[in-house]
Amino acid sequence: MSDVTREPAGTGRELRLVGFLCNWCSYGGADTAGVGRFIQPTDLRIVRLPCSGRVNPLFIAKTLLYGADGVLVSGCHPRDCHYAEGNFYARRRLEVFRHLLPTLGIDPRRFEYTWVSASEGQRWQQVVSKFTEQIHSLGPAPRLPGAPELEWMQSGVNPA
Amino acid sequence: MRIGVFICHCGSNIAATVDVKKVAEAAWGMNDVVYSTDSMYTCSEPGQQAIEEAIREHKLHGVVVASCSPRMHEPTFRRTVERAGLNRYMFEMANIREHVSWIGRDKALNTLKATELVRMAVEKLRLNRVLTPKKIPATRKVLVIGGGVAGIQASLDCADAGLEVVLVEREPSIGGKMSKLDKTFPTVDCSSCILGPRMVDVAQHERITLYAYSEIDSVSGYVGNFEVNIRKKASYVDWEKCTGCGACTEKCPSRKTFDRFNEGLGATTAINIPFPQAIPKKATITAGACRQFQGKKCGVCAKFCPTGAINHEQKDEIVTVKVGAIVAATGYDLTDWTVYGEYGAGRYPDVITSLQYERMLSASGPYGGHIKRPSNGEEPKSIVFIQCVGSRDPSIGRPYCSGFCCMYTAKQAIMTKDHIPDSRSYVFYMDIRSPGKGYDEFTRRAQEEYGAQYVRGRVSQVYPRGDKMVVRGADTLLGLPVEVEADLVVLAVGGEASRDAPKLAEKLRISYDGFGFFMEGHPKLKPVETNTAGVFLAGSCQGLKDIPSSVSQGSAAAAKVMALLSRDMLESDPQTALVDIKRCIGCSKCVKVCPFGAIREQDLRGQIKAEVLEAVCQGCGLCNATCPQGAIQLSHATDNQILAEVEALLCQM
Amino acid sequence: MATQEELKKIILDVLPDVDCVIGWGPGPEPLCASPYFMRNPEDVDYLLAGPASVHNPALFLPEYKGRKTGVVVKGCDSRSVVQLISENLIRREDVVIIGFPCAGVVDASKIAAKLGPYGEPGETERAIFDKDALNLSLGGKELSIPLSEILADKCSRCKHPGAVISDYFAGEAADALQVKDDFTDLAGLESLPLEERFRFWEKEMSRCIRCYACRNACPLCVCRDHCVASSREPHWLAQANGVRDNLMFQVIHATHLAGRCTGCGECQRACPVHIPVLLLKRSLGRAVEQLFGHHAGLDPESRPPLLTFQMEETNIKEREW
Amino acid sequence: MSQKNSYAYYPGCSAAGTSREYDISTRALCAALGLRLVDVPDWNCCGSTPAHTVDHALSAALSARNLAQSEALGLDRLITPCPSCLKNVHNAIEHMQDQHFREKVDKLTLRPLRRNHRVLSVLQVILEDVTPAGLANMVRKPLTNLKLVAYYGCLLTRPGRSMRFDDEENPTSIDRLLEAVGATMLPFPFKMECCGGSFGIPRGDVVARLGGRILSLAASTGADAVVVACPLCQMNLDTRQRQINAAGGTNIRLPVFYYTQLLGLALGLEEEKLCFDQLEVDPGPVLSRIGQAAAEEATA
């Protein structure tokens, strides 16, 4: 097993990696990886969703355009979806969306989607480690300026 | 909003590599957080009490617990906050054990990550709304489709549990494939002796309404409130008057009608009662074969019917019933073996299917229980059984093993020896599959005690030579091609999904696999449930299986129905989609993608709007991700709640 | 032009049993036409179906859902009608579709570029589009510009000049051209390195004034006043006019049209500051074509590819780790 | 060149050698049926067994060159009487769907194919374009009281998924054509069994055993003769009938016709177009038994 315990490469600082995981399989896979103490880089923050079908490609667009360096989506393997068809739709929508990134000037390697089942703890460690290395090799993503008057509001106040 | 944050040590599991004090400290600075602490074992009794007290003391509106995976303790903590008077959905968890402390060695990075995960949970909680489970009335009645052994078992169990049962059977009599069998393995006891009494129980049970010779026309509604239209097909005999005396069957002039029950072995009359132990024991006219329907004047049966039950003008009739649950037990069909040109493709009379041979063995069969060669009526001395016909054969799209053919062939080999002591049976096989209790011993007996000659090898061709049938195959154990001259060839034909299973599946809105077998909820954990709430499966319609398994699935499905309908009100999980009718423009994209048919179009003052059936919605959120204007939102996982978690991370930059 | 007369005759026959027939009529200046709603026979004389009829009349059909409407369509417009039908945003029986052989439409910015030295396009006194040239008089001078030099880009890659679906067709219905669309319009952007593309969009989006003309010109944008761009529930965009939110809106528009956009180009034509917003939709359209072999707006029975799926996707390979 | 009823014709090597009678009768029959055959210019071997047992790319390249040659004729269908040639050209077309394999073949032929091709047997063209009904009303000498068994050989319809012609296990195309011209066709279970194929020379004993089984079953059905569509089967059953009798100790005298010869006879084609004299086992006595009227004319 490759040595995955290395410090994050490059600046030694964590990069902003966001993960959208389906509750039934991939979130369970991440839990299994934890139970198995499979050490991984810490950059990835995981958002739990009921299904990969719940992932609207616009979540990825918003995350990448508003400051993230990499986005990872993971759901159940096709045919294993708890809701039978969720991941089939996700597969199509995410694959189509992936083709928009280069046109926008965003490196397509900053977004990956994959299928990990609840039992594949070791495989989840592989996925997170490889994905984190991939993003570190690309370095921090270029930033777009927010709206001028929005800048001062950046104190973390959410306009709820 | 007043939020309380509880950071768990989990003994040392978290505290060892996460500075829990620092995280609790940081939580104070988060939006709407009015109380933040850490505790050794939050999920323990004292830990939960601490939360309850904090809720009351600090008048909290919501709680965030940072500890292990929500897949483990979310239900626990939801009950905790509920006991303290909060709605259970005003609660969020941050997974700082499996996703942080156990997988990261750098304490500083772990602590930073834990803090950010807590911030995400807080930001989501700020947008959570109170959700209460809905109560929907349930009709305590169950529809069982298919009167085979599985359907009979399910009906009897449900009826015995006090539920009203509606049993619908497509053929004129219940009994399914089992009623066509002479004996059953592995005990070689007579099929109608063990099935007959069950069929009589169904007929006599006061809580079971039987619709034989009927089919499902349409199913609407949802769990607890299905509305089913049953089409009672015209049998041209008034079953109220018919006593089943059979006078009409003796006098009917058209004697060449294809006998469906006896698999076309013998012929029968246009008006017939399928078999002596039929339930209901009523006559049915096969319209295609009856002269009256071919324009020729007949009416012989009407003349001889003592109770005047014959009525050639009878029409199909639709009966509507309301049920709370449905059990599909529609069984299977034999594979169409005539695709095999090498076995004669149906051209040779002495090459028959195992089910035809079963009818030949049966005393109530067309040959009265005597084994005879269909070509010349003589008693066969050499009988060859060919295994795996239409099973384990990807070239015709049947790659699976049907599971029961090895066993019934062993039984038929034993029966053949009983009927014709000086006969010689050969069985061409690839592998013998006899996994059940007493199964392998049974096939062993067929070989050792009853002298069946098992030849390991495939048959390449069956062809007539003189009046014999030559079976050419291989014997892989000897490594030689072999030829056997047979008087009779019995094909152990495998099974496939019944031809119109997909049509029924679409009516029930359940999914089916590539072969047409209904899809179970989970292959290991939910074998008799489907992804459609309220619809259950039993028997071979879910996958080919023998009688013991079909019966146990019948009982299993009945148990699931009893659990569902045990209370007269169903409680539905409130994490379902909700439509904002202002924003909905009625493009019905959501209706198209919903895997469960849980969204339907409603006409609101002339405008089409989407409407979610809470009872049917499983909360996958596909509709939410599909709706361009975000008019449909999945409660507890709305766009804003997810965006709140994302923005909680990004605003740090 | 024979077809003009035949077209007018068809509209006159159709007029009695429809609320109105949507087509094009004289515009604010000789050089351009404008959408035109014909309700009684005398309106039909002013019909202008030719190179200046750039607008897509399918835009107005969703509002007329439930009322019988006639619509005159170019090839590209007809594909929008087909897409609206396939998503049952309009009902086939409500629409009377009248096609005519389209020889391509002009691009206003190209004309402006040609007329630059002679004066403002708006001051043209007289302009006549005949078979293959635009003859106009501007500032006292007579000018003739070959049509081929001022045609819109989309017309050079047009496969279906005649309506793909029509109840009536004026003139000879030409079948599909064997033109190959290999997305050369994207080549310019894709020749730049990633970083420069990102800065290109940053510059373009800094010019965007969020007037939503692109959305309002799009025949498939039927959400009208419920668009997520201006909603708080869900709250995808800040209303502030920053580069990030402007680009986010364009991404929303493109993703909402993935597998649906027929490439009619109205969004880009309508943009007052000429931002090439069509490129994003074309990029997703190319992806859908490569992945599912699907072209939007050709078959009213077909289902948008992102509203369905296949168990085994032929062209989608799973990423190996 | 008008497409209707014109076909690029690939005779195959045996047509010029051991099965000349098959080629001559095929050309005569097609001419009589109004099917215009245009020979593929400068055709070469189709890459039959000796080639494809050594190298699939070489075998496909040989067929590919024939296809390239046929492109000059501008006809979209290539037809051939011999099942083995049909198989090899068909396999070449199918295997060249795979890009990698196609490149290997193009490197050998240096003439990449410019369009996609279809190859059919003459039998299929007669069955589908002329149809048994069409044949029936062109008959001048019905083959009454001629009892035949049709022997298809193992290649013509197999494997079903790729050849997609007639029934893979129980073909009836020859039976239907000959019934249309008045012959009585008897059911023949060994219609698809192997006749020994190319073992004729290296392993005569194999052909003797396999061919013997076919001929003895044919004899036991009471047939007057066997009808085939493949030059190799004809050679094994006809030219080696004496060897088979010697090896099996049998005395079978069964003429082995090509279906094209008998169809030609039924259409009233003249003798030297049918080359009955080329057959090893003398067909004379059998031909004379065909409906009394037919026999007089043959001798006159």
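The chains carry the letters A, B, C and D, assigned in the order they are written, with residues numbered from 1 in each.
Following the convention adopted for this analysis, a contact is a pair of C-beta atoms (placed from the backbone, for glycine too) under 8 Å apart; a residue touches a chain by one contact, two chains touch by 3 or more.
Note that the structure is a prediction, hence the values are computed from the model and not measured.
Novice: Give the chain pair, either A-B or B-D, that is connected by more C-beta contacts.
Specialist: Pair with the higher count of C-beta contacts: A-B.
Novice: Provide the C-alpha centroid distance between chain B and chain D, rounded to the nearest whole angstrom.
Specialist: 53
Novice: Could you state the distance in Å from the CA-based centre of chain A to that of chain C?
Specialist: From the centre of chain A to the centre of chain C is 36 Å.
Novice: Using the average of all C-alpha atoms in each chain as its centre, how far is it in Å between chain B and chain C?
Specialist: 49
Novice: Got the chain C residues that touch at least 2 other chains?
Specialist: Counting only residues that touch two or more other chains, chain C contributes 235-236, 311.
Novice: Which residues of chain B are in contact with two or more other chains?
Specialist: Those would be 593, 626, 639-640, 643.
Novice: Would you please write down the residue numbers of chain A that are in contact with two or more other chains?
Specialist: Those would be 62, 66, 85, 89, 93.
Novice: Every pair of chains that touch: which are they?
Specialist: Listed by label, chains in contact pair as A-B, A-C, B-C, B-D.
Novice: Quick one: in the complex, what on chain C touches chain B?
Specialist: 87-89, 222-224, 226-228, 231, 233-236, 256, 303, 307-308, 311
Novice: Could you list, by residue number, the parts of chain A that touch chain B in their complex?
Specialist: 5, 7, 14, 16, 18, 23, 27-28, 30-31, 33-35, 37-42, 45-51, 53-56, 59, 62-63, 66-68, 82-86, 89, 93, 125, 143, 154, 156-158, 160
Novice: Chain C touches which residues of chain B in the complex?
Specialist: Touch list, chain B to chain C: 514, 580, 582-585, 587-589, 592-593, 626, 628-631, 633, 638-640, 643.
Novice: Which residues of chain B touch chain D once you look at their complex with the stated criterion?
Specialist: Residue list for chain B touching chain D: 340-342, 345, 395, 461, 463-465.
Novice: Touching chain A in the complex: which residues of chain C?
Specialist: Counting only chain C, the residues touching chain A are 186, 189-190, 192, 194-202, 205, 235-236, 238, 240-245, 247-248, 251-252, 254-255, 258-259, 279-280, 283-284, 286-288, 290-292, 305-306, 309-311, 313, 316, 318-319, 321.
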